[in-house]
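One chain, chain A, appears in both complexes that follow, with chain B as partner in the first and chain C in the second.
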Partner chain A sequence: MTSANARRFNIGGAIITIITVIAAVLWAFPIYWGIVSSFKLEDEVVRPYIELWPETPTLRHYWFALTQTQIGSWYLNSVATALGVTVLTVSTSLLVGYAISQLRFPGRRPLWWLILASFMVPTQVLIINHFVLIANMGLLNTWAGIILPQLIHPVVIIVYKQFFDQVPREFREAAVMDNASEFRILTKVYIPMNWGVTTALSIVTFIWAWNAFLWPFLAVTRTEMMTITVGITQVSDAFGVYYARQLASAVLAGFPVALAYLLFQRRVTQAITLSAGIKG
Partner chain B sequence: MIRNARKDTLIAYVLIAPFVAIYGLIFVYPTIDMFILSFQDAPLITFGPQTPEWTGLDNYTRLPDDRRFGTAFWNTAYFVLLTVVPGTLVALAIAMGITRLSGRLQALVLALFFLPYILPVSVVYRIWDWTLNFQFGIAMHLFDVLGIDRVPIFKTSTWFMPAVAFVTIWWTCGFSILLFLAGLRAIPTEIYEAAELDNAGRWTVFRKLTWPLLWPITALVLTIQLILQLKIFDQVYLFSIGGRPNDNLVMVYYIYQRAFQNDDGGRAAAIAVVLFLIVIVVSVLNFQLLRLAERKT
Partner chain C sequence: MAEIALQNVSKSFGAVEVIKDISLKVEQGEFVVFLGPSGSGKSTLLRMIAGLESIDRGKLLIGGRECQDLAPGQRDVAMVFQNYALYPHMTVRENMAFGLRNVGMNEKDIAERVADAGRILEMDALLDRRPSQLSGGQRQRVAIGRAIVKEPAAFLFDEPLSNLDAALRVRTRVELAQLHQRIAATMIYVTHDQTEAMTLADRIVILNDCRIEQIGTPMEVYTYPASRFVAGFVGSPGMNFLKAEVTTSGKEAVATLGDGSRVEMTVTIPDSGAYELGIRPEAVHVTAEEGDTTGEATVVEHLGDRTLVYARLGDGTEVIALDGGRSQVAPGDTVALRFDTSQLHLFDSAGHAYHAD
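Let's turn to the complex of A and B:
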């Protein structure tokens, strides 16, 4: 009886496994389809039957995007602003996380409440006031203007605090005995012990910033200052629609983050589970 | 140690100074400014020489009769309904499938399911706008096979929200899958071994063991999804290009439209305050529910 039952179990299991694998392939298929279409000629793309592989693979849409559009500037803007957001967010969050975790000072509780409050306030409702603020500062259409309102990432602080809390007290006490300054303790003990978290948080912050749409879309009106995420949706050809061309620019926009994910899969996964408050 | 207290304080203030400066400028100040603006009649883009006029509660009292506000409110609710629970269930099902696999196959399958989450919304938009294209989209072949008439999906108000919800689930599911996988991994295997000895069927094991043990994660995923989807804008805006934006309005879209297309900062701020309050209330309620759920288990 038991063995028959076990076999039923295994057949059921095998079926579930097969379904999962097929579902995964179908799930990612639209991405494949977008990429493959971007390598086809425009008249191949609109054929009324399905071709899973381009008949005459061509790079001409990529060539067009790179030479005839402002995609180069958009890339630069995206890299600069995403890096800016990452460096500023991670460094300021690290310092605050350390202060809250390791130091006792007046105002510590209100500070913690401020961080938790910003966790709940949706930044989308602040777009009007961000716009007025950035406009008054004369920062519309600048990198600084794109970066500033994107610096609200309380989750990075919270993760840092948790990790600093877990560093055994003995390390700190030993360092204090040696008369090490607070700055030394931070740079020689706490930061090196948590490089993994810093890497993980930096990668996902970069991905979030690269993918940001709403604010970069509002902060920029001049096409040459757009980030690539916004740019590829705002500029279209005046004469008809070129599907393959549009897809090629989309592939270019998605490539850096997809690559970052594939290279640092484990770190990305870790940072994302951490950001939801789960120890990965 | 006491001798160090003042030094500690000083150091702490130096460490938090950059953060406090940034948050003061881009979080505290704009939040207060939003409330003030919502009681004013203030043009946004055409900065006039005149100071904005105080209008009391006018911006709020006009909301119930505002047809576009009604559309935005109900569409947001509809969108939440279409994405939160379905998206969570899809993610759970996928995670259950992935957790059975191991090694390279598991890594590969997870990557395939997770990849969309990593992509910028505009890339997701391009991919699906192409896949579901009325004339040349590959999905239309499926429609033909199933004998459904082809429809220009994003140009019709009946199809628009469900289609955007579908794309959103596809796009954001990876995040929930990761959380479910972490939750499933935390369940001790001995529990399943015991169930196997009892000859419990697959469905029974899921219903009696996995589901209750996983509930805290499920509640967390639902909470995150709910708050996320209340703030939806990007996809709705993008898929509305060349379509019927006024039928597809959601809350953030309406804030954008009022502020940046109608140049009406005051009324836009009032809508922003309403959404702000909705999100806060939902967050607080959810937080309390989560605490209750944790106490039970």
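Let's turn to the complex of A and C:
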């Protein structure tokens, strides 16, 4: 590469870097604003001009959220339901994905089409049916009621099927020659060979479930059974909206997910890449 | 160890028949190689014995037991795959133990068998490594070890050396031959490499177009090929084929080649007429005296101990002849060629072979 070319390349790179930085700032500013505002006094938040740093930093809104609300129960409900959704979604999806990918049984193709077709139906369309069903089952205001309708994630099945399809046929044949039952082939060969995708899908499913709002909002009316996303809507009172207090609750609600993301960043990115081509 | 018998087995994929009515018996402790070009059905036949492909018609007997309807794991055979198929997340030890754990063998016996296999294959030091930490040759050995620990009635090898480089292939081939002598197991080995077939086999089964062309010892198929296909497929460099008009009376025959030269031989053929005359390069000698025919040397390959002379006859037919290591023949020379008439073969239009005495 000549020096002139190298310079041109650097200029191009610099322009892209600047654009990326601007985009990142634009994207991150609301988050920064939210976090900073949660440390401001309520009257500072509503001032008509922009203050990038709190004049009198305070933890009172966090103290309020932690002591005056049922945030402990909401955390517990969120953890329990998000874990439930994750474990059940991933375990059932991997079984379905394996069956469709590796087993030959009557109705396999129609089942596959059905799963693909279920993409066409947004969850919101079914939400009234879900509500009636769960209400009839007497599961409103329960963890099971929150979890069950959230188990429909065809994308997880599709990702698993794709990964199982890519396992070379010889591994399965070697296991068959080794007298392995179908269950052992799945648990001892296919799952361990795809740990990466299982981890990635588990994290993403957990984040989806943690962030879910619409269904938990409908399925729960009792404050102590709310998940954190629903619970933080309860911090306003009859005297109006308290922005700083709500933002402090929102920060607390988002904190575990942000932590999970930071810890498993690479896996999450991988999972999003995996499902990006599929999830419309 | 057990014998394996195939009785009139056939298989189709949809409308395409890939194995046509094959019968074959592999004796106990025998090393049989299925040799054939791509698409000849050799791998399919092996997979049918393994149980990885179904048998549409006919019987498969392993140790006298009918196995055509049994699941692969119940046939008491072990298979070594071309790509080894070692489970990447398991250590060598776990890879070998997997099949034994599946049948509920106790851990003490498993440990013994794995240790034995490790000793036989000289890989004791590798038992706690993962496949990714092994070289190609070591992986191949683990794949064989995984078969050995099962102590099966027969071993099935599906082109096991084709992923190795040339030097390693030769070494592993020798090791396989030694292994067979040591454990004296029934082995069926699929390859398209005739050197592997010639060096390893007690008997070679040559397949072409989904049927058996010939079954015989390596020297039988080399010296007395049953058909034009076998003659052309076995041997490197390949057999020379020359168009000839043959007249016969009793056991004597005279072949007139395309360039007008005449070759006399002792052979019994049904009729006079057009045949293909086949002769291996080592039976065509470059001679300083008068030969059976002459040709112009086009390419000369010095291989050290011998020299291959590619000669073009008067009618344009190319013949490969063998000369000594210190051959003085150069491209463009006219060379006299003498045929060893006891090593001539005639092939009729259907490809059937007649061998000269």
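By our rule, the second predicted complex is superposed on the first by the 248 of 280 C-alpha atoms of A that agree within 3 Å, B and C clash if a C-alpha of one lies under 4 Å from a C-alpha of the other, contacts with A are read in each partner's own complex, and residues count from 1 in each chain.
In this text, a residue touches a chain if its C-beta (ideal position, glycine included) is under 8 Å from a C-beta of that chain, and two chains touch if they have at least 3 such contacts.
Note that the structure is predicted; figures quoted are calculated from it, not measured.
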Quick check on the chain A-based superposition: chain B and chain C, clash or fit? fit
For A:Glu170, decide between first (touching chain B), second (touching chain C), both and neither. second
Classify the contacts of A:Ala180 with the two partner chains as first (chain B alone), second (chain C alone), both, or neither. second
Apex chain A angle, CA centroids, chain B to chain C, rounded to a multiple of 10 degrees, is 100
Please indicate which partner A:Ile128 is in contact with in the superposed arrangement: first for chain B, second for chain C, both, or neither. first
Name the contact category of A:Thr56: first (chain B only), second (chain C only), both, or neither. neither
With the two structures laid over each other on chain A, which partner does A:Thr67 touch: chain B (first), chain C (second), both, or neither? neither
Tell me which of chain B and chain C touches more residues of chain A. B
Once superposed, minimum distance in angstrom between C-alpha atoms of chain B and those of chain C? 5
Both chain B and chain C touch chain A at residues none
For the complex, give me every residue of chain A touching chain C. 168, 170-171, 173-181, 184, 188-189, 192-193, 195
Chain C - residues contacting chain A, complex: 50-52, 71-74, 77-79, 81-85, 87-90, 98-99, 102-103, 146, 150
Note: in the complex, chain A contacts chain B through residues 2, 5, 9, 12-13, 16-17, 19-21, 23-25, 27-28, 30-31, 33-34, 37, 45-46, 48, 50, 88, 91-93, 95-96, 98-99, 103-106, 108, 111, 114, 118, 120-122, 124-133, 135, 148-149, 151-152, 157, 182, 207, 210-211, 213-214, 218, 228-230, 232-233, 243, 246-247, 250-251, 253-254, 257-258, 260-262, 265, 268-269, 272-273, 276-280
Touching residues (chain side chain B, partner chain A) in the complex: 5, 8-9, 11-13, 15-16, 18-20, 22-23, 25-31, 33-34, 37, 44, 47, 94, 97-98, 100-101, 105, 107-109, 111-116, 118-123, 125-128, 130-131, 133, 135-136, 138, 141, 170, 175, 178-179, 182-183, 199, 202, 217, 220, 224, 227, 230-231, 233-234, 238, 241, 252, 255-256, 259-260, 265, 268-269, 272-273, 275-276, 279-280, 283-284
